[in-house]
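Worksheet: the structure to be examined is printed underneath.
Labels A, B, C and D are assigned to the chains in the order they are written; within every chain, residues are numbered from 1.
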Amino acid sequence: MIKVGVVGGTGYTGVELLRLLAQHPDVQLLTITSRGEAGVAVADMFPSLRGRVALKFADPATAPLRDCDLVFFATPNGVAMKQAPELLAAGVRVIDLAADFRIRDVALWEKWYAMPHACPELVAEAVYGLPEVNRENILAARLVANPGCYPTAVQLGLLPLVEAGLVDSSHLIADAKSGVTGGGRKAETHLLFAEASDNFKAYGVPGHRHLPEIRQGLSEIAGHSVDLTFVPHLTPLLRGIHATLYARITREENFQTLFEQRFGDEPFVDVLPPGSHPETRSVRAANTCRIAVHRPQNGDTLVILSVIDNLVKGAAGQAVQNMNLMFGCDECAGLTQIPVLP
Amino acid sequence: MIKVGVVGGTGYTGVELLRLLAQHPDVQLLTITSRGEAGVAVADMFPSLRGRVALKFADPATAPLRDCDLVFFATPNGVAMKQAPELLAAGVRVIDLAADFRIRDVALWEKWYAMPHACPELVAEAVYGLPEVNRENILAARLVANPGCYPTAVQLGLLPLVEAGLVDSSHLIADAKSGVTGGGRKAETHLLFAEASDNFKAYGVPGHRHLPEIRQGLSEIAGHSVDLTFVPHLTPLLRGIHATLYARITREENFQTLFEQRFGDEPFVDVLPPGSHPETRSVRAANTCRIAVHRPQNGDTLVILSVIDNLVKGAAGQAVQNMNLMFGCDECAGLTQIPVLP
Amino acid sequence: MIKVGVVGGTGYTGVELLRLLAQHPDVQLLTITSRGEAGVAVADMFPSLRGRVALKFADPATAPLRDCDLVFFATPNGVAMKQAPELLAAGVRVIDLAADFRIRDVALWEKWYAMPHACPELVAEAVYGLPEVNRENILAARLVANPGCYPTAVQLGLLPLVEAGLVDSSHLIADAKSGVTGGGRKAETHLLFAEASDNFKAYGVPGHRHLPEIRQGLSEIAGHSVDLTFVPHLTPLLRGIHATLYARITREENFQTLFEQRFGDEPFVDVLPPGSHPETRSVRAANTCRIAVHRPQNGDTLVILSVIDNLVKGAAGQAVQNMNLMFGCDECAGLTQIPVLP
Amino acid sequence: MIKVGVVGGTGYTGVELLRLLAQHPDVQLLTITSRGEAGVAVADMFPSLRGRVALKFADPATAPLRDCDLVFFATPNGVAMKQAPELLAAGVRVIDLAADFRIRDVALWEKWYAMPHACPELVAEAVYGLPEVNRENILAARLVANPGCYPTAVQLGLLPLVEAGLVDSSHLIADAKSGVTGGGRKAETHLLFAEASDNFKAYGVPGHRHLPEIRQGLSEIAGHSVDLTFVPHLTPLLRGIHATLYARITREENFQTLFEQRFGDEPFVDVLPPGSHPETRSVRAANTCRIAVHRPQNGDTLVILSVIDNLVKGAAGQAVQNMNLMFGCDECAGLTQIPVLP
């Protein structure tokens, strides 16, 4: 059994991690911390976990994190970078679900995240936890930077095209729509039901923090600099990201076959038949990314549709997938739930 | 392995049954029928089942239903009563998720359901599949009438009070609110998103088919005639029933303790601590009923709050629970998923 | 033109007041205050008002409130009671949309609202602004306590029965469901989209502040003490309250006719034909209350269904109706918008 | 007073037309037809219109359509083209809210709409009713083809750029998201609440009927052939379209100023300040289009955000605006409602 700790279990990625870990056959949940809720039973805060998670939130200062084999950070940006060095030194492996270790260029990170980085030396070591790209590196990683939700949907959707060099990779467009849980469990006005329900808007068009992460990921895949226009939108869903991706074709290929072959062995990427339109609900509460490949009107622009559950393949599920790889479990262990539809 | 068939797999209770059965450790899914969709792959209709259910919808006329140990009917009212006799005669056990066998008084059934009953002789044999009341009878049943969604939430909420004879059982009130999937997967105008979203209404106030079922159930529990006012409402949820139950106290008791003791051994009924307000999402996609007991202002009226997922404990999950009992499986087999929150 | 000021224009009742006042033929909007947003253009905060409201939020300390004929308080509880005395002394009339002047028993108010009352002497003078009950008193009022949203829906639904003494008025039941804007525009976790969407729950069952207000109102109508069980619920709507009211008949009457006659001259109460189920969307964005009268199964329990838009007839619209009465306008002035459906 | 008839008043554009027309100062509503609902009071079907519309649905065969000055067709595609010739011959002017007269190339229309056109000779005469482009022609039109909802949002958002020839007009991208009322009031499974709620999907990616309409409109504006990739999406809103438009810059300009000047005199197009993100709710139930102009990261790709209410500026409101122009009313008559937010 893998002894697991979770730092910051009160947000949506935290409670989703708990849902997955509590059902994982190889995991012993050792401790969950929360500064604000220390002493409160987890199941009092999240009644969905009654009878399934017996732990109380522990104070981060006294929680037995060093006794864990693995610690997940489901914390705001800037927390993991302060605590990870000590845990790693103690032999504990770490998966950060926030952004602290996602961007290799520390100066770039500091610009987008508006704080100094606490341990730049670990950034180089950290492995970007997108198994479909980095599986081998994840197996041996001590420290995994779990990808952002938008970057997961966008990179998986563009991966085969960029990897094979078939499209104009300096003018990609990613029009992405996210459910509201993507904004976290924060008491902020714009996330209120009364603001977000029956409403649709773009946000962050001038620049969103996931832009440099996507650029970096696609550039590493391509082997050269890639650029894109990325527009995120808030849509009245609980869960789900739908990325609509536009790429100008520069070299002909059977694109459907390309996608099917690239992802043929991937347990969590499902390429739909030609003509399909994946729905976000078809992956609700599951670790799957479903993708459809379109070439409208047989023109020179490809349209790729890529959907994930932002809390699962876009966060907690992918983190568990990474854990499975790091600890030699079946990659699908604890991740076999069928999507909940309707 | 229990060889299982599903008649009518294209509605919401059908696809929910498939979700649960495909993950059940003791079940082999033999056939799924649909007159309208015969030949279509189940996963083409419900992409959430891609990679998990390989069957195609079979024509009911040729499907190997007689080779099954158990057949679920997830059909409209009036179908199971026509096909069950033959299956039972062939040694196949049957669980009907519709209403055909729920009402013992055949004349009353015919009045509310506006059709003649095709096999009144089986009505007497059928066991009403509410395990918290009828567990012993279910174990040996050939034919189980799976309860309605509202009746499940209402009966579980009132059970301890009516059983112990502590309230005025001739003037109970059940104010129940249901998500839209309770109406089934029918192309009807009033179930459209554009009609049901951002809208709330009562319906069926003059009389709803679940009224005689609740009356019968509570009367059997009480050992005498029980009457209630039942008002169902449509609320813009995908899943969930919230029953708010009002009962005038006729004899004092520690009601919280009563509920805790009555349901203490029940795996799927969770009595919340005093002062709680169960949320429908706390049981989303799970087979749990959560109940809270209130006595506002210390008056003479009890308020019981009872929530279920109408598609799980209110339909497919309870059917699987009944199957587990009928076939000697662990009662919780295939029903251990943690609720999906948020 | 009535010179109008609004104190606290940044909440949902505030912006709704602005929507109605900006279209009112007899109103000149003089000033809108907000401590937190002083200097910000109203239309920058609420783009729906671009081109329609040119004012900036003013600092309450310097806003020309004394130059107004009427000041609306769309503030949290406890604000109006501190500022109203001075305005009234200056000859300005006041409508408080919060609860400061709703409860005549100051000790009771202080218990439920957990603060000392700042001007008990004005409580006696204040007129409870439910025009269907108090129209004559409102005409001459200097200070109007605008009713709460739940109390409006519940009192209008029970008014004819309690007034005529036809039901057991010591055991009334009000099962009420509210949209999320009823909770105000506050950054609180339980009001987040991710908490309230696809979810339904009761709250405040042990006791809600609107209970004493409803009790007081119905008792005054009855001429004797009335008691009820009041259970509010949160439902995933933007706007709307649906009150389902249960009353045991003590004296026979043609209840449908009773309601039609009682409200026949009321411009904003619409009694539906027998057998109807009013939908909240049928009053969306309008000042109407729609009511249906049911006697299920011809038993001894009446079921009254009463719907309003909590922000209009339950708050800002009723306030404008009161203003119309106080200033001799047509009672419907500025309130003739047709509900927005769908 | 303009004597107005509405053919097909039972869909969402129909009831929205009624909402607007019933409040229009210059309109006398003479008749509303519905084959299926003839004899039913309009307000029985749409209780929001109780007390405001006294008409019953009339049989199309006997309705006094020829006595009208203007007839609106709020019918499925293919109806207006059969009835318009006779009405026009009788001197009645016609606005078709469906697609019958939108596409000048009759063969192209027949391909996309899969039926022969009943009166090709009128197609040439019909004026495309986008006032921001065709105001002069609308003034004198006998027959107006009211634009589709997507085409309205997309054309208004791209109009200044295409008109001025500043972008690569052969590779425009329109990623558009629509609320569910855009699909009409049809009892179809994919429009059910249980299918569309908490779900997001693209549809019609291979080709949507609004594509040729947008192409034609933009080409006429440009004076040469324009091409675009158009991807519509279904999002769980009642009302609202959000078009996210991507255009590669070919000539530098102050784009913000360009938009402000182009639409400066337009009563129903609102260009937001730089950096804005228009929300669909900011135009809910109003005839306004709000637009924001972005140039992310100062790159070579413009991102234009354009929002409308699909039932108002995208259908019924624009039709009333066209009527106002045709009959010499104030262009804003009957269209001054402030958007309903929240």
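Operating definition for what follows: contacts are C-beta pairs under 8 Å (C-beta built on N, C-alpha and C of every residue); 3 or more make two chains touch, one makes a residue touch a chain.
Since we're looking at a predicted model, the values are computed, not measured.
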Other chains in touch with both subunit B and subunit D: A, C
Reference subunit B; chain at largest CA-centroid distance: D
CA centroid of subunit B to CA centroid of subunit C, Å: 39
Centroid distance [mean C-alpha coordinates] between subunit C and subunit A, Å: 45
Rounded Å distance between subunit C and subunit D, as computed from the means of their C-alpha atoms: 36
In subunit D, residues with contacts to at least two other chains: 12, 181, 194-195, 197-198, 236, 238-239, 278-279, 281, 284, 342
In the complex with subunit A, residue positions of subunit C that touch it: 12, 180-181, 183, 185, 187-189, 191-198, 236, 238
For the subunit A and subunit B complex, residues of the former touching the latter: 12, 15, 19, 22-23, 46-52, 181, 197-198, 238-239, 270, 272, 276, 278-279, 281-286, 290, 336-342
Subunit A contact footprint on subunit D (complex, rising order): 171, 173, 175, 177, 179, 194-195, 197-203, 205-207, 211, 227, 229-231, 233, 235-240, 242, 244, 246, 248, 275, 277-281, 284, 292, 294, 296-297, 299-301, 303, 305, 307, 342
